[in-house]
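Structure provided below as structure tokens; questions to follow.
Going in written order, the chains are labelled A, B, C, D and E, and every chain counts its residues from 1.
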Amino acid sequence: MISPIHIITLTLGTAFFIGLLKKLNLNISALLMLVAIAAAGTISASWFTAILSGAANAEVFTAGFNPPYSINLLMGKGEALITLLINLAGFLGGVYLLKSLKERGIYTMIIYLVFIMSLNVIVMTRDIFNLFVFMEVASIGIAGLVILDKSSKATQAGFKYLIATGVIAGILLIGIAFTYYFAGTLNIDVIQQASIINFKAGSIAVFLVIISIILELKPFPANGWGIDVYEGANPGIGAMISAASASAMLFVLYKLAVLVPESFLQIITAIGILTFVGSNLMGIKQSNANRLLGYSSIGQIGLLTAIVGLKPFLGAQFELIAVSILISHFFAKAGLFWLSGIVKKQNLKDWAMLRQKPYLLVLFGIFIFALIGFPPFPSFLGKWELIMKLAHSHHFYILAFILIGSFLEGIYLFRWLGFSIKMEDANLPPLTVHWNKIIPVVLSALGVLGSGIYFGTITEIAASLKYIPLLFIALLYVIDFLPVYVKNTVSIAGIGYYLYTIYPDLEGFKLIFGLIFLAGGMLTLVAGYFKTGTRKGFYPLVMLMFAGLVGLIEAHTTFEFFFAWELMTAGSYFLIIRGKKSMTHALSYMLFSLAGAYLILAGFGLAHIGQSSYALDILASVQSFAPLVFILLAIGFMTKTASVGLHIWLPGAHAEAETDVSPMVSAILLKAGVFGLILLMLNMGSQFIGSFNIYYALAWIGAITAVMGNMMAAFQEDAKRLLAYSSVGFLGYILFGLSFMSHLGWLAAVSLSVVHFMFKTLLFLAIGGIVYRVKTKEMYKMGGLIKKMPFTFISVLMGIIVIAGVPPLTGFGGKWILYNAVLEKGWFFPSALVFFAGIVAFLYCFRLIHTVFLGQLKDEHREVKEAPFWLLLPQYMILMVIMLFSALPNSLLKPIGAMLAPIFPEGALEWQGQLAKSGFGYWNGQVIMYIVGGIFVVVFAWLWYMNRNAQKVKQFNIGYSAERPSLPETTHFAYNFFAPYKKALGFLVSPLITNFWDSASEGVHAISDKVRRIYNGNVQTYAFHILAFIVVVYLIIF
Amino acid sequence: MDFGFKHILYALLTVFIVLNYGLILQGIVRKIGARVGRRYGIRWYQPYIDIIKNYAKRSTITHGVMFYIAPVFRLTGGIGLLLFMPVIFGSEIFSNFSFAGDLVLVLYFQFFGVLGMALGAAEGGHPYSAIGVSRGLSQVTAFELPLTLGVLAIAMQYQTLNITEIVAAQQGGFLSWTLFTNPFATIAIMFSFLGAMGRSPFDVVLAPQEIPIGPPTEFHSGLLGVLQLNRAIFPAAKLILFMNLLFGGATSWPELVVKTFLIYMWSVFVGTVFPRFRVDQSVRWFLVVPLTIAIIAIILIRF
Amino acid sequence: MKEDFKKRTVITPEGKPLEIDPVKDYFSDARPKVHKPANPVIEKFANWARANSLWVLGFGTGCGAIEMRPLMTPRFDAYRYGIQWRPTPRQASVFVISGYLSVKTLKRVVRTYEQMQNPKFVVGLGSCTINGGMYWDSYNTINRLDHYLPVDVYIAGCMPRPESLLHGFEELKKIIKEGRGEGANKYAEEFDWYKANQKKVIKDWDMPDYNW
Amino acid sequence: MVRNSFRLIILVGLLVIFSTLVWSFNGNNELNSLAQFYTQQENIEAVNAANLVSAVVVTYRGFDTLGEVTILFLTASIIGFFLKKKLSDTQRKEVRESSDILVTASKILVPVMILFGVYVIINGHLTPGGGFQGGAIIASAMVLALLANPHMKFNHQLFNVLESISGVSFVLMGIAGIVYAGGFLDNRILPGGEVGTLISAGAIPLIYIFIGLKVGSELSNIVGNLQVTQNEQ
Amino acid sequence: MEYISMITGFLLVLLGLWGVLTQKNIIKIIIGFSIFDTGLHIVLVSIAYLRGGTAPVIDKAVKVTEAIEKVVDPVPHALVLTAIVIGLGVTALMLVYALKLYQNKKTLEVQSFNDLKW
């Protein structure tokens, strides 16, 4: 094992040595530089692995005297890891900057090497003055590297940086001097024993030291200088500052944290949280990529600072939390900065350039998701553990702020991702990529992925996760070049096989929802055969969503559940954003999902208080704050079921999605929320705030959702939007049914879930087929298509009869049960709304079928063909099932009832053959089917016989007040179809909720804009911030 | 209850009686309307002649399959509605298929014909049909809400959704009718009934002069004949429904005739007195007056 | 209006141009058919019904329409004879040409008549329908209605009183009951002749030949 | 005015912090344990440097010194890189000739100053002074020479080589400490000699020579670079 | 003695900071920074002072054996030496930056260098 000191001797020696080479050969110097950093990295790595496998920490004494008399360095686990990261970043950054460095000459390589060296020393040293010296080396190194491009902006940034760090270093020096005076030593370990914090002056000295370190970490609001550096510097340097330098400084803070009392740690936490929230808030308003990354970096570092401050509460999980979040930040931020250097454009909207090289887009996505903390990236684990521990230790405010900060970060990161995927890129220059710039980015993406999986495998809680679906996704990614039909077959086979393997384990709700998710998934995938070409990137994403969905079914612990939830969110986000014009909708989907996920996380965290296991049934025995847990989780799940207030993402997202994606995200994805709610209600049972039953509120929410959704649907001009709002409404019924907590209520809800899956898939595929043929979604631009697409018409007809709940089809069953449930429960007023909604459903049902299929065929559609076979096939498969369930209702309802019986033993339906009996009424679906069918056939036969010679006429042969129609457009009554209704009740659908969210968003942006004005770019203001920060924190502490 | 061949015969009998009753009722009501206007009026059997004439038309045109099927839907809806109710309380013969479903089925089955008719009308391609449907559906949503609440109040009152049981509970003197035991629900439902019958002031759907009788504007000959049959059966079925719910049902045909006739007269009177509402006006009216009364009914039942 | 019936080219959703000939594409081009009376027994019964259920199309083609209104009033009350008014030609069986018929209206009348279902009856109301009456030399009024439509009954007078109208309807009933109300079949049989006459007076013929 | 009062308030706040520190500062009546260790006889004799500060600087805190040297090196590099211009740009402007007094005096003083600098470096372990101080003196000499003769051009190449060689040597000696003595930068790789004599204190004089060379050349380099840029204005 | 120097040092620190915060000219800001730095060094040295102590150099005045009683603390002296050099490096760098800034905008007014903000 090589002594850790050689990390320093090697790098520093090389730095001095290449000074000799001067103009001899730049290539050799560059090579030497990289070799030196690589060697240093190897040393760190060897120590890291050695210590991990049990070797003792290495201590390095200098000058032949033992500490505290001389300076000593320590190589422990943390040091090894951080130096490894630093040297890794150094190496990759070196590769990345190779061209620039060579261009700028040998001096820059020297500066770079010395900078890396100094960071290593900062991490390892145990002497505070030595720390100071090498911090100065690092500062000066950064001041030198910032001006790598020698631009005016970089120079200004560097100057600000110099002044700021100069002032901070001065304060640090005073702190060190007095620490030395009071403790009589400079060695950290000895200072710790000297317990100088027991008296005020001593603690002030330590305070000055710590506050300087914190200031080096760029706490909000005293960090304008740091952000300016991120913006002004070459992105390669930004990467180094954000990844390497910040890691080192964090470690210093961690190292020095042992010196301070707990009250200090709280302040550190507070500062960290403030920084996290503050800088993410300001990031929202940014349009400059590097500056945005700066805000994000500072935010992440703030979070890590807070974690350091929280160390006493995090216990054994501290290392996992800190390291996983740090590593995510490290790789992702470095990668992003490097990408920024490749893109060269600073405006976020110009990042649409990335589309020219799809693999860059993939990398970009990986980094964004890693930063936000999606699985399987390490920060996911870290955030999970952090929230759990915070909840455990009753740090609710911190928990809330962390989630808020993460959410704010999500806003701008996902907006950015959206820009890059969907923004117009007409006028952007071509993107050129050099090998040396791309390799580090790829490696850091691999790094963050690999480390995530590694963390997953070593962590106890994550050990039970199944990675097979993820491997399957990876496989699909590998075969992405193959044509659609191959991949589609592989995907269907994959899902089918998976369903086959897990089928025996499924029972009850899991079986039902498993079938909806997986069998439904296969069914909708069948429609995918109608696409031609390769459909790049589609299948891995679809499978990602299904992997998440199936994960929900299979989850036994809250962790697994949340893991699956996030996978599903990620997959569906990408599916949604694939649609045309779906940038903003995908963003709002993501933001609502993210907020929902955080609420779920918080809910799980609170639920976990006082529990030792993570099993899902801990929800059944929540120790404290049970109503709060319930509300958090319920709202979280309701973001997916798009209940009123949280629904605004849905219409756009579903309407703009691709033909076969719409059923997936509408018919299947929404059920994830339902499944979550069912799990929640099953486990937690009734919840009361005081004497108020929360479920009553849920019933109202469900009812209002139903009315709003259906009413909105009735006023839509866009067919897919209409269907999307109809989903909102239908999910309202389901929520309403669930809130009853009775046998019948749940029977209705679950059967409606199944039915909703069927008819919504049917309708979205049918309408999708039409849109595919006529190339518009505006209903009033269609009309008369029944003659061109009779098969599609039949499926839509059946679909709307089911939606409307008209007997004899299966939709009526749900309505009937709902009535009985209402009578049993007695919540009449929300029920009235639900029934009203049910009738409003007629409006949009009729409108859908009339304006599209009936009325006047348009000029341009005279030669439209029937929808593709592959779209019709799944429709007719579903149609068969619908007819089966309609004729034999107990084939659907009886198993569900049996499943519900153990949960709600009272009030079950009594079955006599196909006759269902409740306490109030009875219903025989089969007989109704026969009777109605019988009458229908008789009347039809008679009429047909009577009019067998009827003359077929064309569309303008109508009695039109003795005139003749002139244009199909003016003869087709379709636009604003329910105008009188709108006149009467339109006020109900005024976009209050959209306005609310819009103004909320504007408010946040306005605050963001106001807050960031404190960074006025003047170095004196920044210096003032720094000093004021010190004084204020001082006043708070003392 | 088993489903046997005799049920079909019984059902045919019921349909036959009600059809004739409906036609005669139609004629008589028109006659009464004429007499109010000091006219002699049509002959009481004029509806029969009209139907025969329509079937006797020699030519028919068709706009497409749905156009063809719409009357079928409509008549199926009417007959179905009738057959899913017990027409005469206590009579096995005239209980028909009421064993297949309860009040909820009946309420929802009304829409079967409405929807089918709307589809067929729209298939005709006539803008006036579509306008009529738009108006009709709008109005339906409005009056259906107080109706539903009123029905819920009644079901709550009798603790059942079984129409037979509801009627049974009202036996024993007219004071045990819902009319007297639950007046608010009755008022709400009877207001909704006005909308359901589609007579003035809620007849903007058909508006003969504005949108030549709206949805059925393109129907003729045999197709119109089927619709006319339904126009006889469907209101009669609705009358029977409301009679069963509110006025103690009927234990014999004469009782049925008297009660349904009187109920029908309620809508005739209102229609004679009040002029036509615009759709938005009628929607607002239903959602203000009858709905308030229905809510009062619910509150009274609940507390 | 006329412009809308010229041929036009539209772009299909696939982006291909598509030529539309509205008159051909949007109107059925089947000739009216002759519907022979069925079994005499049934036909007799049917004729009785037809005669007792005269549904008059609410289309006042000329000044005589003003004389139809009193028929609905208590004084004359045509309803008692089974006469009712329908707003749509699809459902009507009697077409009353009420007075003078301008060429412009003739176009609408022809169209409306062809949209009525067989059997259908035409009543010429007033002298103008017989020989042009006071408009006999008008540049834009037709003189003999039965050159253009098969008329079942003429009611002479200028104007005929409502009583005359009632009488006319009674005459029509007789005709129908006797099975002579076959105007629709006559029109179909001699369609070419009628059409030629119509086209002779209607100079700007801009509608399809067959108006269903 | 408002801004300034805010600043004043903050500085008053700092004053409060500092005054608390001063208030609790009692001076020293005896050395603390660390200083006592450094001033113990056996330890003085172990290092053998008469100048205890030098002993601390070069031995006990030699690693700091390495950092210090690095800083200068770094600064020089940054300035060298930052002010680097393409040769074609370096057109010199006319500068005012220096006065006769300066020229004359510099001719006498510069050699004396360099000599003095060397003396300070070599005696760093005995008397107050050392590599930094000596190097600074040498650099001052260079400044003086520059002032006297604005047209003078330094041989940067030479300085660079000196700088690098001395830097590398410093590091190598540090490594030698690991190999031959107690640890990195242990100066006992050479015999200690006797306290107070010129050849004593192990490798301290040698290190000081390297430091002196390095500091001198770096500072001269910086000044030279600045001069070049100055001339470009 | 030590109090005087220490208070002086702190006053210089504050004075320097005042300069950094208020001066509009970059060169003056750098001068302020230098004053700040100098103040720090004085504070650092004051800490080392031992009442009645002498310079930590072994010579005729101070024998090897009695060094432990007579000399002042050598550590802060070593530290201040390092600090001075660091200060020198930073100051030099600042000056170079000032030079470059001046070259860019031909002004030394600090307000004109706020291209990066918000």
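The rule we apply is simple: contacts are C-beta pairs under 8 Å (C-beta built on N, C-alpha and C of every residue); 3 or more make two chains touch, one makes a residue touch a chain.
No experiment lies behind these values; they were computed from the predicted model shown.
**Q** Going by the touch criterion stated earlier, list every chain that contacts chain A and also contacts chain C.
**A** In this structure, the chains that contact chain C and also chain A are B.
**Q** Which chains, if any, touch chain D and chain E both?
**A** Joint contacts, listed by label: A.
**Q** Where each step is a move between two chains that touch, what is the least number of such steps from chain B to chain C?
**A** 1
**Q** Of the chains present, which has its C-alpha mean closest to the combined C-alpha mean?
**A** Given all protein C-alpha atoms shown, the central chain works out to be A.
**Q** Looking at contacts between chains, which pair has the highest count of C-beta pairs?
**A** Per-pair contact counts point to A-B as the maximum.
**Q** Averaging over Cα atoms per chain, report the distance between chain C and chain E in Å.
**A** That gives a centre separation of 113 Å.
**Q** How far is the middle of chain B from the middle of chain D, if each middle is the mean of its Cα atoms, in Å?
**A** Each chain reduced to its C-alpha mean, chain B and chain D end up 106 Å apart.
**Q** Taking each chain's centre as the mean of its CA atoms, how far is chain A from chain B in angstrom?
**A** 53
**Q** Show the residues in chain A shared as contacts by 2 or more other chains, in ascending order.
**A** 129, 133, 136, 140, 143-144, 147, 174, 178, 181, 186, 951-953, 955-957, 959, 1024, 1027
**Q** Hunt down the residues of chain C that sit against at least two other chains at once, touch-wise.
**A** 33, 88, 90, 212
**Q** Touching two or more other chains, which residues of chain B qualify?
**A** In chain B, 59-61, 212, 217-218, 221 touch at least two other chains.
**Q** Pull out all the chain pairs that touch, please.
**A** So the chains that touch one another pair up as A-B, A-C, A-D, A-E, B-C, D-E.
**Q** For a test of understanding, state which residues of chain A touch chain E in their complex under the given definition.
**A** On the chain A side, the touching residues are 129, 133, 136, 140, 143-144, 147, 152-153, 155-160, 162-163, 166-167, 169-170, 173-174, 176-178, 180-181, 186, 224, 228, 231-232, 285, 291, 1012-1013, 1015-1020, 1023-1024, 1027.
**Q** Under the stated contact criterion, what part of chain A meets chain C in this complex?
**A** Per the touch definition, chain A meets chain C at residues 773-776, 859-864, 951-957, 959, 962-968.
**Q** If you look only at chain C, which of its residues touch chain B in the complex?
**A** 33, 35, 45-46, 49-50, 52-53, 55, 73-74, 77, 79-80, 82, 84, 86-88, 90-91, 93, 117-119, 184, 212
**Q** What does chain B use to touch chain A in their complex?
**A** 3, 55, 59-66, 68-69, 71-73, 75-76, 79-80, 83-84, 97, 99-105, 108-109, 111-112, 114-115, 118-119, 122-127, 130-131, 133-135, 137-138, 140-142, 144-145, 148-149, 152, 155-156, 159-162, 212, 217-218, 221-223, 226, 278-281, 283-284, 287, 294-295, 298, 302
**Q** Quick check on the complex: what are the chain E residues that touch chain A?
**A** Touching chain A from chain E are residues 13, 17, 20-22, 26, 29, 33, 36-37, 40, 43-44, 47, 75-76, 79, 82-83, 86, 89-90, 93-94, 97-98, 100-101, 104-105, 110-111, 113-118.
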